[in-house]
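Each of the next two complexes has chain A plus one other chain: chain B in the first, chain C in the second.
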Partner chain A sequence: MSTPLTSNVPVVPSFFRSAVRVYELSLGRMLWSRRTLFMALVVGGPVAVALVLRLLAALDLLSLTGGVDFVDSANQRVTIDGPGIFGLMVWGFYLRFSVPLLGVFYGTSLIADEIEDKTITYLFTRPLSRCAVLAGKYFAYLVSTGLVLLPSVMLVFFLVVSLLGGSIGAAFPSLVTDLALLAVGLAVYGALFMLIGTWFRRPLLTGLVFILGWEPIVAVVPGYLKRFTVSYYLEGLAPHAMPQDRAVTGILGVMQVSEVVPSVAASLIGLGLILVGGLSLSAWVVERREYVIEQ
Partner chain B sequence: MNAAVVAVERVSKWYGQVIGLNDISAEVHPGVTGLLGPNGAGKSTLLKLIAGQLKPSKGSVRVFDESVWGNPGLFFRVGFCPEQDSFYDQMTGLEWVTALVRLNGFSESEATEAARLAMDSVDLLDAADKKIGAYSKGMRQRVKLAQAVVHGPDLLVLDEPLAGMDPVARRQVIKLIKGWGSSGKSVLVSSHILHEIESMTSTILLMNHGRILAEGDIAAIRGLIDEHPHKIRIRLSDPRAFARGFLDHVGLRSLCLEEGALVIETENPDAFYSRLTEVAASGALGDVQEVSSPDDNLQAVFEYLVK
Partner chain C sequence: MTRQTRYFVLGANGLLLVGLCAGLFAFLSRGPALVVPVNGAGEFSYVPVDASVLAYANVREVMLSDVRTSIRQVSPNGVGQQQLEQYLGLNLEEDIDHVLAFLAPGPDQGRPAGLVLFRGRFDLTRLEEVARAAGATVDTYNGTRLVSVDTGDVGTLTMGFMEPGLVAVGDLGTVQLAADRRSGGADITSNAQMMALVERVDVESNAWAFGRFGDLGNLGLLAEGVLEGMPAVSAFVVSGHVNGGLGGSLTLEGSDETVGQNLRDAFRGFVALAQAFTAGEPAWQTMVESLQLSGVGTAMTLSFRVPSETLDFVFSLVQGEVAF
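What follows is the complex of A and B.
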């Protein structure tokens, strides 16, 4: 047995350095979890479908090079090409479903998991501010969810666009826009659900009620309530990432996307406020809250 | 007397309508101080207040003459070993201790070196590269101690560090704690077992029902304990063989066989623990896995004290 090191004159690590250390500690735990496996299966669904379609096309059992035909609300037959289908998937599956789900599952767990596992004490008895713990965990969330979601989006892009007769080169800028939009969605939902995770006793349930109850319901209710959702502001950015044609507009109508969408500037301000508000309030709560861990 | 390392002044702590601590004042000085009391006495609450995990509802808690709540800088000088048996189970002991001391601002190489030394200090270096999930209860207790001492703190706050340990590991940890105390560190260690505290220090804070009943030398209450039989539960591989080996033990009042365990009632706990450690170390009566002491008997002493 030997004597542990005695530290020299201690220097308080900077906020950024502390957050990076927490990030390093948290990333592996976040990535190699059952939660990640579940979400990888969810976002792997479209990739699997696209791969099957690709295989069928390669075997000459299916030809979609002319796009996909739909009947719009005026009973007219319209055709959507690859970029159009991809844009719809980004909006319908990734932005409205996968991003909020990732936000709920990961965001609410950032602090709540440490409390439930009774390991928060080890982080809060080190010489770093609780805000730095929160920031490190939030960075780890962004990287984890980004690594789960964005490869799926890119794979679907490359598999679907050319399969349906689109040009990958021409549609590539929209992919970049879509990826940025999804990253913004992850950041904003993450901040919101991190706040719920630090504040509420049953954060996952509260988060699920928000994304599966509140957001879809107020999206179809006329009035101002939809301003209290994240999807409303994301919607203001989404159409610019998607091709504008009659078919896409018709399908968006069927998907209950509100006709009145905020401007890009209003969307950015709204999302910025939710992001900054979520992060600041989370930090405020965590700094003041006593986490009573019982044996 | 040295300046107080920890000064608790008229502290009360409520959990909603429930009172956890009731207007207590106490001081901790360099050396080992034992915090003794039955379960629910408020020991953990007091330790969490001193470790800055809880905020006093009333009064003040000062560590090294600084308020501890919301003062993370103090954790350069404070090491905390919590009661809960919770870890990042998928990490190895060395990875976990390294990762935690990195949060103190240590570089990668400094952190690895410090973690190795800390693991060695708790005699866990051989198992340093094993996953914590595969550790025994005693090893888990020791790795918790390693993370508390890894940064070389001046004050160690240890909440029930001997809980669930086998006699050999218990003896090692008691030796460690005494060593830290004699090396000039301040160690505040809680237990609900008088025998454990007594083997580490003669300076105690005696708590019950959220109050400090007595502080100072342990000898004053020592005599009272012997009037009350001491109950000890031992989990082991062969309870019958063990029972046979202890039938002639001086002070034995009763033996109760349970599945994979033996519950013993003795009037002479010192002699019993001493023999138990020898027997466990020799392995003569099978493998002793865990020793615990239900605090009913200690509760009786406290009730007697507060009458």
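What follows is the complex of A and C.
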């Protein structure tokens, strides 16, 4: 009596199941890697600053009624309160610094690390679609960076907003908008740097040049070049996530060097195009590229 | 997924969830907003439909402003603030969020009905105790606790606890009518003419007032013939912003476009005169130069802005006089 032949044929899991398996495998590797220390420093910095501010307030070194005075671009003194400080921290620490940096370090490593560790062969010789591998890794990136960054923002919110007469309840809608904005930022930067990781030979260097060279330089150059940055579109969404008072807009007036801030609709379309374009092109490159492992 | 990773994911998600729930709870149970939208003050439901003058001040914002800080430097102890806190347990800087007041024609000719509504956090027991000690009587009217004190010729001054965090102060009849209005009926939002004036208030202002000159005659505050002697100005709107200096605007509305043009011409002359008088005095010149005249059709708007530096200069003069 012969056994059925089908029992020896490997079962090819569905795209979704494959992506979930890769996600589970990658999440642990991302969270407990050497980069975790770097990630802790990046997101721990703002929390430390918030704790210092809280301590200063507890020691009565921050005026509880007068707020903190700044001089805005029109050379007029403006007073900032807790929600204003939180808005600035989200802008300066997270949107301008943490999100691009996490995007570049983790996004570029999604495929590049497998090549460097010479383990990509094991992944690509499995009966899995290459797109599913990419999708699983991208979701692992989103979850790992999101679960580290967003709780940090939450802690900063509760530490800072109630300072100088601010109200947690009144500022809550801005927190929700900020969290959504940061998640969008992580997703878009992640997609872009994943593309760079699959395409370029030295993706980390290329990514760092993009966020530390291209984006800041283009922002101060007049013309249309700034439309080829992610920060330009995030900038279009950011003022709406922050309290609309003279203090914040005054300080942002100094910080926002771009002459024209895009509308919310234009920003969403721009970010959507970068996200979809980044993911699609990454999938296209990974599907077609022959990765040769150097011996 | 390893146990370590699972714990981390659960912990981070838990932290996010707890934070969001706490924030949502604070959002839902928050007190009244510090900044009340000009046309969205909840207290409008207590204002009668025939109110002639309406005024508002965001006390909390003003108290947190740099102007207040400068005033505090000139007068560190405030004006009777310490006594107020000792006597009523009321800290003006922290306990009152905003104030809305109105004037409306009263039941007696020549005596307007006025009410001031305070939104904030009050120690009602202490307020009641102090009022009782001063000979006040406590009563309940239509579910509203009223503390009244007879003030002789002026009438009965009443303090009504309209809702949690809202205290109304005025004469007994007006407070009772406001309490009745809470149960329903027409309020100021049904008055299209007054609501049109609300639209003219600068949205960034934290203190404003507006009214219709025609209705002022009904209040009986102006002497006979005063209104007839005034140019055909039908309404006024004053709004101010206190913080980062002092800004404000005055809008007058003429009965027709010719009156509007005359008003603009008259104020243009006034601005020119002010500029001529302040030439050579830099501090005042800055203030006068900030005067801006605008308006089309029936309206004339004069806006101004006093920068913090000029205010500091004025306060330093005052401080110098005090020191002297």
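Throughout what follows, the second predicted complex is superposed on the first by the 272 of 295 C-alpha atoms of A that agree within 3 Å, B and C clash if a C-alpha of one lies under 4 Å from a C-alpha of the other, contacts with A are read in each partner's own complex, and residues count from 1 in each chain.
As a convention for this text, a residue touches a chain if its C-beta (ideal position, glycine included) is under 8 Å from a C-beta of that chain, and two chains touch if they have at least 3 such contacts.
Small disclaimer: the values here were computed from a predicted structure and weren't measured.
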Which superposed partner A:Arg17 touches (first chain B, second chain C, both, neither): first
First (chain B), second (chain C), both or neither touched by A:Phe172: second
Which of chain B and chain C A:Val292 touches, first, second, both or neither: first
Partner chain(s) touched by A:Phe158 [first = chain B, second = chain C, both, neither]: second
Partner chain(s) touched by A:Val148 [first = chain B, second = chain C, both, neither]: second
Which superposed partner A:Trp32 touches (first chain B, second chain C, both, neither): both
Chain B and chain C contact sites that coincide on chain A, given as residue numbers: 24, 32
Residues of chain B defined as touching chain A within the complex: 15, 44, 48, 51-55, 70, 72-80, 82-88, 90, 99-100, 102-106, 110, 113-114, 117-118, 120-123, 146-147, 149-152, 176, 183
Interfacial residue positions of chain C with respect to chain A in the complex: 1-2, 4-5, 8-9, 12-13, 15-16, 19-20, 22-24, 26-31, 33-34, 60, 63-66, 68-69, 93, 243-245, 307-308
Contact footprint of chain C on chain A as seen in their complex: 24, 27-28, 31-32, 63, 65-67, 69, 72, 76-79, 81, 143, 147-148, 150-151, 154-155, 157-158, 164-165, 167-170, 172-173, 175-176, 246-247, 250
Chain A to chain B touching residues, read off their complex: 1-7, 10-13, 17-18, 21-22, 24-25, 29, 32, 117-119, 121-130, 287, 290-295
